[in-house]
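Shared chain: subunit A. Partners: subunit B in the first complex, subunit C in the second.
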Partner chain A sequence: MTNSETTHITDYRVYGWVLLALLILTTVTITVTWIDLSALTVLVALIIASVKSFIVLRHFMHLKFESRLFTVFVVMVLSIYILVISLTFFDYLLR
Partner chain B sequence: MTHSYLENTGKYKGILAWLTTTDHKRIGLMYMYAMMVFFIVGVLLGELMRLELFRPGQQFYNAQTYNGIFTIHGIIMIFTVVIPGLAAVFGNFSMPIMIGAHDVAFPRLNLFSWYLFILGAAIALSSQFLGNGPPDTGWTFYAPYSTQTHTNVVAAVFGAFVLGFSSILTGLNFIVTIHRLRAPGMTFFRMPLFPWSLYATAWIQVLATPIVGITLLMVIAERWLRIGFFDPSLGGDPILYQHLFWIYSHPAVYIMILPAMGVITEIIPTFAQRRVFGYKAIALSSLAIALVGYFVWAHHMYTSGMSITARWVFSLLTFLVAVPSAIKVFNWVTTMYKGSISVKPPFLFALGFIFLFMIGGLTGLSLGSLATDIHVHDTAYVVAHFHYIIFGGVGFAFFAALHYWYPKMYGRMYNFRRANTAFGFLFVGFNLLYFPQFVIGIMGMPRRYFDYLPQFTLGQQISAVGGVVLLIGLIIMLANLFSKKGVKAPDNPWGGSTLEWTVSSPPPVENFDELPVITGEPYNYE
Partner chain C sequence: MEMHRDDIGAKLGMWIFIFTEILLFGGLFLVYAVMRHRYADEFHQAAHQLNAFIGTVNTVVLLLSSATVAMSITAVQKGEKRKGVLFILVTLLCAGIFLFNKYFEWGHKFSIGLYPGSDMMIGLKHGYILFFSLYFFMTGLHVLHLIVGSIILTVIMIRIQTGSINEGNYVLLENGGLYWHLVDLIWIFLFPLLYLIT
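== the complex of A and B ==
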């Protein structure tokens, strides 16, 4: 129960790389819609979105600098959502 | 001098002092008063249904009115009473004191949650008076009907959406409060078990509620913009609605029942004057229920047309959730074993809870089991099971909590004899009302039907009588608690060992002059 008061100075170059990565991944998101991946379409879209979210969470939302507890929370929440979405699509794939 | 939280010491007086308060105890009471109004309206709507069903055929109003009444009964009872339920009222009132805090982590957000609650309820209730008449979809708003009916579904759905935000913000507030504001020395495993249950509940509120929020907006989008999410004629899938709705609404059952279980876990050791049996097992079973509860939603959908493999997988997963629930029941019973039991009204209501929750839980197994569910799906059996869990469980736990913390809330006692009489009427009335629904459900009485075949008449009439007995019990209970002032309550009338019993009755404004330092377990009666 300690307050982390440390300030972090992030190099502009890091933000530049993050921006570039997000732009590339957005291009990939649009590009894959032209490919017919049938049952894997949603899975691929979700994986790309997850990578983008991870980058945003880590750098822009300061998960990298915060207490490990927040990382545990984020991983836990994401795991639950992955399981929930998997179970839903499990029904669709086997119908 | 330290003022009680009931005295006005701030800038405003009277009602304004309450409407602008950020004191968690006052906000808890404000939730309670609002919910009582909604509850009474919900009960009266239920009695109207019982009246109509007293005989087969039309008695007092037509089928469309009946559809509207059961829909708004469900919306009021689910979204404005049992979902905020014990967490909003007793979580707000008691939890910060129990963990040794001055208030919740975000007091203003807490007040904002209450305003959202009132706003959401007002929007949902406006559906009765605006547009093309009251919604007739049932509280589940199943698509594609909810995207096509001409009744005022949008207001009801949007009201539920706003109510969801209130729930999310309360959950967020409680998670942060429990992580950051526990008294010095209070580790997680020295925390009382009611806050533990609220912690598990809060995670469900934060994680599951956004899903139903989006789903309800998708219904509105489909109605207004004709986007094909759920309607097959627009390229949608109606079963997707059921998936999304139950991904939230099944965990929502645990939002309702977990705080109820937490309250019972407080009451039993106090009235048995015995250390709670299996502290860690009860604490962790709350988390286990919250976690496993996420993965069982499709047991509501066995007859929807989803894949056969998904059906048996969800049936299997459903049985897993019975394990942590049973852990709690065994631990409550074992806590009572060899205790010095004092049968006072809160304890009676707690026993009532265990009995009724057991019936609700065990009949839930036959609904979770794929083969038997097909037989009783959408019958009165489901109505009976659900009410045993929600009214017999959450409702009786609410009454237990009210009788347990009432002396702390108001600083005065109530009449025990009248409280016991009320319990008698409520318990008998409840069983008379809902048990026959199991029987006629197995015989084939469908739920949500306005009319029925003659063979169901006796069961429906016993239920109607039960409804009247239950109503008498409610009137006696509320009159006993709120009609006249009892004698002044001592600080610790029940001999409880948790922190709320160490402060005065009613508690002072910021609970503690000096934060307590915790050095041992919460239930120390040895």
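== the complex of A and C ==
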């Protein structure tokens, strides 16, 4: 049995735009470090990194056109990871 | 008779492998988070030692290489074999630039005596030792993945050239691409957390 579903072919230009968006976000990450946000620095860095990851997962890793099952799996794994981080910090901070 | 093939299954297998990789690096990021919280000032100071310029160049290079891998899939899907090979070649070139930069970055640190287990490092404050140990271990493990990814992509490039990866069967290229994007994803978090938080 071969692939029966219709495969989506992404245009080169789309990847060009995605790359541009990622480069702009990289510039933002770097510029933000010049401003002193003290406690917020890490948070801002993580938010931008998460946005970049979302773009990479959705476009480069084709989750946008893949079966929904893949997205469900990715969300599940990331949720478990966030849960582990939260539990660790609850344990660590409340000792 | 046509061989049985299950592209969705192959990709699902690759994704499950990627999940194990995410949890592997996730564990390290967790150690980083807790230790950074504990030694906030020392982590800040230690991060000044890293070369943010090299880090930035490598970020751009990796993003570009991720885009070209994705483009090579488009090329193979369209049956444009030459372009497909060329895009992978650009990716491998980017990987080479990344390794070249890493060589000088690490080389400089080794030359001033800053490496795990060195006399200089043992003499540092606890927070510094932790930061540099995490830096060497995380970027080291990352660069190991980059080298493995380059080998995989080289095999894939040869197979596009010989035609065993073609517009009718390119799941290997897709899975190799997924691995390469994982390398990029990890760097997206490593770069700001190690180089930029000063």
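In the analysis below, the second predicted complex is superposed on the first by the 73 of 95 C-alpha atoms of A that agree within 3 Å, B and C clash if a C-alpha of one lies under 4 Å from a C-alpha of the other, contacts with A are read in each partner's own complex, and residues count from 1 in each chain.
Operating definition for what follows: a contact is a pair of C-beta atoms (placed from the backbone, for glycine too) under 8 Å apart; a residue touches a chain by one contact, two chains touch by 3 or more.
Keep in mind it's a predicted model, so treat the numbers as computed, not measured.
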{"item": "First, second, both or neither for A:L87, with subunit B first and subunit C second", "value": "first"}
{"item": "First, second, both or neither for A:R95, with subunit B first and subunit C second", "value": "first"}
{"item": "Subunit A residues touched by each partner, larger count belonging to subunit B or subunit C", "value": "C"}
{"item": "Contacts of A:K52 with subunit B and subunit C, given as first, second, both or neither", "value": "second"}
{"item": "First, second, both or neither for A:D11, with subunit B first and subunit C second", "value": "second"}
{"item": "Partner chain(s) touched by A:V77 [first = subunit B, second = subunit C, both, neither]", "value": "both"}
{"item": "Residues of subunit A that lie at the interface with subunit B and also at the interface with subunit C", "value": "1, 69, 77, 81, 84, 88, 92"}
{"item": "Residues of subunit C that touch subunit A when the two form their complex", "value": "2, 4-8, 11-12, 15-16, 19, 22-23, 26, 30, 33-34, 36-37, 52, 56, 59-60, 63-64, 66-67, 69-71, 73-74, 77-78, 168, 174, 177-178, 181, 184-185, 188-189, 191-193, 196-198"}
{"item": "Touching residues (chain side subunit A, partner subunit C) in the complex", "value": "1-3, 7, 9-12, 15-16, 18-19, 22-23, 26, 29-30, 33, 41-42, 45-46, 48-49, 52-53, 56-57, 59-62, 66-67, 69-70, 73-74, 77-78, 81, 84-85, 88-89, 92"}
{"item": "Residue ranges of subunit A touching subunit B (in the complex, touch as defined)", "value": "1, 69, 77, 80-81, 83-84, 87-88, 90-95"}
{"item": "Subunit A partner contacts - residues on subunit B that touch it in the complex", "value": "179-180, 182, 207, 239, 243, 247, 291, 294-295, 298, 306-310, 313-314"}
